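There are two complexes below, and they share subunit A, which is joined by subunit B in the first and by subunit C in the second.
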Partner chain A sequence: MTKPTMGPALAAAVALVLAGTAGADTIKVGVVAPFSGPFAMYGKQFKDAIDVYVAEHGTKAGDHEVQFIYKDTGGPNPDTAKSVTQELLVKDGVNYLAGYTFTPNALAVAPLVDQAQVPTVIFNAATSIITTKSPYFVRTSFTTPQVAGPLADWAIAQGIKTVVTSVTDYGPGIDAEKGFVKEFEAKGGKIVDSIRMPIATSDFSPFMQRIKAAAPNALFTFIPAGPPAFAFVKSYSDNGLSAAGVQFLGTGDLDEETTLQGLGDAALGIHTSFPYSVAHESAMNTQFKADLAKVDPGAVANFASVGAYDGTEALYRMIAAGGTDGDAGLKAVLGASWESPRGPVSIDPKTHHITENMYIRVVAKDDKGQLINKEIETIKDVPDLGLVSK
Partner chain B sequence: MTTLASILLDGVAYGMILFMISVGLTVTMGLMRVVNLAHGGFAMLGGAFTHWAMMSAGLPFPLAALAALIAVVILSVPMERVFYRPIYKMGELPQVLATIGITFLMIASVNYAMGSSLLSIPLPKVMSGAVDLGFRTLPTHRLYVLGAGVLVIVGLFVLIERTRFGIRLRAAVDHPGTAACLGIDTGRIFSLTFALGAGLAALGGILGAELLPIDAYYPLRYMILFLTVVAVGGMGSVAGSFVAALALGILDTAARYLFPEVGTIFFYLAMIVMLGLRPQGLLGRA
Partner chain C sequence: MRSLVPFVVMLVVAVAAFYLFPYNLAFLTRVVITMILVLSLDLILGVAGVSTLGQAAMYGSGAYAAGLFAIHVWHDPLAGLAVGAAAGAVVAFVSGLFLTRAHGLTLLMLTIAVTEVLQEIANKFSAITGGTDGLGGIRMGRVLGIWKFDFVGRTGYIYAVCVLFVVVVVLKIVIGSPFGLALRGIGDSPARMRAIGTPVTRRLIAAYTLSGAVAGLAGAMAAQSTALVSLGVYDFQLSAEAMIMLILGGTGRLWGALIGTAVFMTVHQVASSVDPFNWLFVIGLLVLAVVYAVPRGLLGLPDEVKRLLRRLK
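And then the complex of A and B:
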């Protein structure tokens, strides 16, 4: 893949640029995310969260002025991610990188990050293996097994004994299925049936009928937010599974807050697990939401917002401690812990991944009649279960 | 036995939704011979206007849907005049490029005005919930779609085969020059037919939103579905689209019941086999 001559050339170029910027003492951070196309939501959420953080903490981290440079990938597009990252490293001379919404994009830049030795904070991409691909990766989002495992524990505690898993047939769906099944069976639960649904499904009635016929205590699902989640939840409600006593368990991707209102009343009463709910009750979260409203009136926070907000916290800590010295910066953030709008978080020095609380939530209505993810139980300090078993 | 009945029931219900969202395209692409890839755009606009009328203006569903339908029809008239008149004269490939350009315009407009998240259309009490059929339940909404589908196909048949407008339309499509010589105002006929296609697209978008929810990227996401139904049914054949939609709906549903792991391949396989055997479509004229 990588041309053998590119490594030294790139390192030399980066060294040159680093030498050039050291005197000016403006630390540049390149942010790579989709700012156009169907996934532009991520870019917007990232930028809003960074703006909130800067509004709260100023443009200086320690003695260093911080400058953000944004680059668009347009979606899951590893080639573009790689070329814009290279441009940031060589042309703009950034000292830190951040963003990365999709797993293929993050994996594509791992060799670049390694060669340039630039600490890179992943705001979203949620496959476990990413952080093993370069020692310069740090991640502030979550992984799918980290979300699915605690939900299985909770299901057992609720007396749920039989489950049908029904996940979208692609990487994250299969990760979620494995994460849930492993934990659920280890605790003595029984998986009655496992369905993998084609990614282009728009009518879920056949699956709902099959689940209903199997009559489990609950179904577990992973399905991407947006149109598929809407149709799936609607189908669950229309086919009378709730009335038949089949509970709905899912990862919080499917009812994240920017699409939650669109799900409508059909979503009432479903259970999901996730690291962040906008309805999380803490002074910090209230402050975060108020500041977000100032930066971008009408914006709705979600998991991508806190991923980027905590990612910016990590960046500021690294810049304050290391300045242009990425390795010193990286050392400062490994093992660090702080309070986030989602609750207490820390960076696991072994996996470079965020350790955080998982919340079991139920979809309910607030006093204004809006749907919210109401947290009903907290599972404390969950590491990435894909890499570390408890 | 129950599985078979379930397959037929869900298949027909799904097929009817496919028919509703594609029938507008049968009219513009099939009857007017314009490769209108922006069809889904009109369906999305119908859904987006309904969403807006319900959420911001507080109208109840039937009124909001009607208002949205009228809005799309009205909007389609100047669009036809400005954009589509030059497109009619182009070859097939330029038509594809031009109409996909229009699709991008529509996507960007809705994205700009309403954002890229789901635009929900909550159904009224009478249309939501499920009806008990004894051996299982069926979402009530599907019965309404079934009713609307039958009305649309009967209405179109009468309009095209039995009215003076239908005769003029067929004449104008077959030979615009001769039709114009006989005193038929072909420009007006095309305007009206295009508006009819856009209105049907909007109706399909609104009624199909339970399964194919509305958002800014709707026109691209479901483009293949519309095109498949029209291609398999046969260009310009409303009855063909109807048969094709039901057949594909039942086939796809059966595959999901019996072999979910093979995915959507049956749907496309059926299309390939069908078009290999009859390139002009099920009921299309060669």
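And then the complex of A and C:
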């Protein structure tokens, strides 16, 4: 193929890119996330968290000015994710990438990130394999097995011997089921029945009847937050499972804080495990919530907020240490540890994934009558169990 | 000779875009791929008058077929396109056997249902398709064994434009043929066509199969350029947006599909990079404006203006 003759537009663009990377020493970070459509919550939480971090730490990381460029992917849309990422790399000349809510989106950019050698901080996407797809990936969220495994341990410790699993029939649900079952059976527990519920289901009574008939000590569930979780929890209470002595165990996805109040009183007493509860008691978290209220009054923090907040911490550390040199930056963050609003965290240099505490929480009411996830037990320094076990 | 003019314009625009926006080739490639999808819809909706919201069924099947073919059999891009087109054709033929017997709202619902069923199948067989995580690990070979897919996306763009050209030429020939005229007749009045002895259902199945092959081709190209196939290829939104782009450009004449796609996606791209948070507003306004001001699409704009001028005289 012949080399294209450089038009004036191209020359101007090249000049811009050069000015961006070498001249004024502004380090650009591309943030790829859903900012429109049904998943826009993620984009908003990411941006709020970045704004909070910048408000607290300034726009400079070390000697370098940091600039964020936002790109919208809509939803799980690898075509868009890949092309906007490519544009960020070749047109905007970003030195770091961040965001990525959905697994396919993160997987689609792995070859690009690899080729461009640009460190990329995954703020959310929660399938274990992602960080194995490129050495330039670092993840600051959690993986589903990381959440489900400790819950199984805790259940055993509570004397729960039999469980029915009931998960939504798609990738994350199946990951959660596998993570829980493996750990629970390894510790001597018995899985009585495993139910996979279709994604579009809104009537959960038949499943609840089936669980009730099996009469286990507890049910374990993974179900996406929002209307499906509302209906599931309501159905659990309406069908008298809690009265029949079937405990409710789940991953914290279903009662994350932006939709928590929608669960209503039916949710009181259910147990979930997750890396972050807004009700986490620490000075750092109180500060984080106060700063968030200043940046975006009325905003509610959740797991996506801390994923992005710690992701920004990782970005700042990389930029301060490496500047435009991504490899040097990456080296600085691998093995690093810091205090996060969710508790102490560190980046595992082997898996490039965050090691963090898992909390067993119970849904309770605070003194204002609002539902909260009250932490009752801490499992310290949990790595990504999905990768460790492989 | 006059009929060649649009082709020349198309070529000039494609080449100009290549040199003017060397850093947006990934986006431009997506536009070209979407054009192929919208063209497939124009054949069945614009020409034959079959209202469908299920074009994603064939697009998605083409994408998965091409992806699986590249991973398990052969990484040659052109062979992958053939496989994708074949998969689209098969899905269209089988579903067309019953779809072409339905009309109106029933037909719309059925086309959506076919797509949803396929999406659920892809989700269920996650061992093969990768399920929600997507089908990754697609590595493409060189085009014709010569040109490598490069980082900036030059090869991908030129490759896509060439395929688009072939598709437009083939569809032009089809539409101009007696078969195409029969389709147009069916689009205007199926009852009359039946009365003059045209086997309406059979013609429609043939048209739907051809349309499916083209949609499958588009899906295969998407799979090759993204190197990952997700369940999103079966999204309802894809079919709906394809229809909006077609209506925006103007139905039934192929060029409308190209113009509509280019305008819609450019507005989408510009609006979403200027304001990644509220850009959907702009898209909404655009669609409203077109439906009210130029109901026959942008292609009908010159006629609308002429009529307006005549009225002023």
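The working rule: the second predicted complex is superposed on the first by the 368 of 390 C-alpha atoms of A that agree within 3 Å, B and C clash if a C-alpha of one lies under 4 Å from a C-alpha of the other, contacts with A are read in each partner's own complex, and residues count from 1 in each chain.
To be clear about the criterion, contacts are C-beta pairs under 8 Å (C-beta built on N, C-alpha and C of every residue); 3 or more make two chains touch, one makes a residue touch a chain.
Note that this is a predicted model, so its numbers are computed, not measured.
In the superposition on chain A, contact of A:D238 is made with subunit B only, not with subunit C. In the superposed model, A:A55 makes contact with neither subunit B nor subunit C. The larger set of touched subunit A residues comes from C, when the choice is between subunit B and subunit C. Of the two partner chains placed by the overlay, subunit B and subunit C both lie in contact with A:D169.
By the document's definition of touching, neither partner reaches A:A290: not subunit B, not subunit C.
In the superposition on chain A, A:I129 makes contact with subunit C only, while subunit B stays out of contact range.
By the touch criterion defined above, A:I376 reaches neither subunit B nor subunit C.
When the two complexes are overlaid on their common chain A, residue A:A328 makes contact with neither subunit B nor subunit C.
In the superposition on chain A, contact is made by A:P111 with subunit C only, not with subunit B. Overlap of the subunit B and subunit C interfaces on subunit A comprises residues 40, 169, 198-199.
Per the touch definition, subunit A reaches subunit C in the complex via residues 1, 4-5, 7, 9-10, 13, 35-37, 40, 43-44, 47, 70-72, 75-80, 82-83, 86-87, 90-91, 103-104, 107-108, 110-112, 115-116, 127, 129, 133, 169-172, 174, 198-199. In the complex of the two chains, the subunit C residues touching subunit A come out as 18-24, 26-27, 29-30, 120, 123-124, 126, 131-134, 136, 147, 151-155, 158, 222, 225-232, 272-273, 276-280.
Put simply, subunit B touches subunit A in their complex at residues 6-7, 10, 13-14, 17, 111, 116-120, 122, 129-130, 136-137, 139, 141, 210-213, 215, 217, 221-222, 225, 252-253, 256-257, 260-261, 263-264. Here subunit A touches subunit B in the complex through residues 38, 40-41, 169, 195-203, 205-207, 209-210, 226-227, 230-231, 234, 238-240, 258-259, 261-265, going by the rule given at the top.
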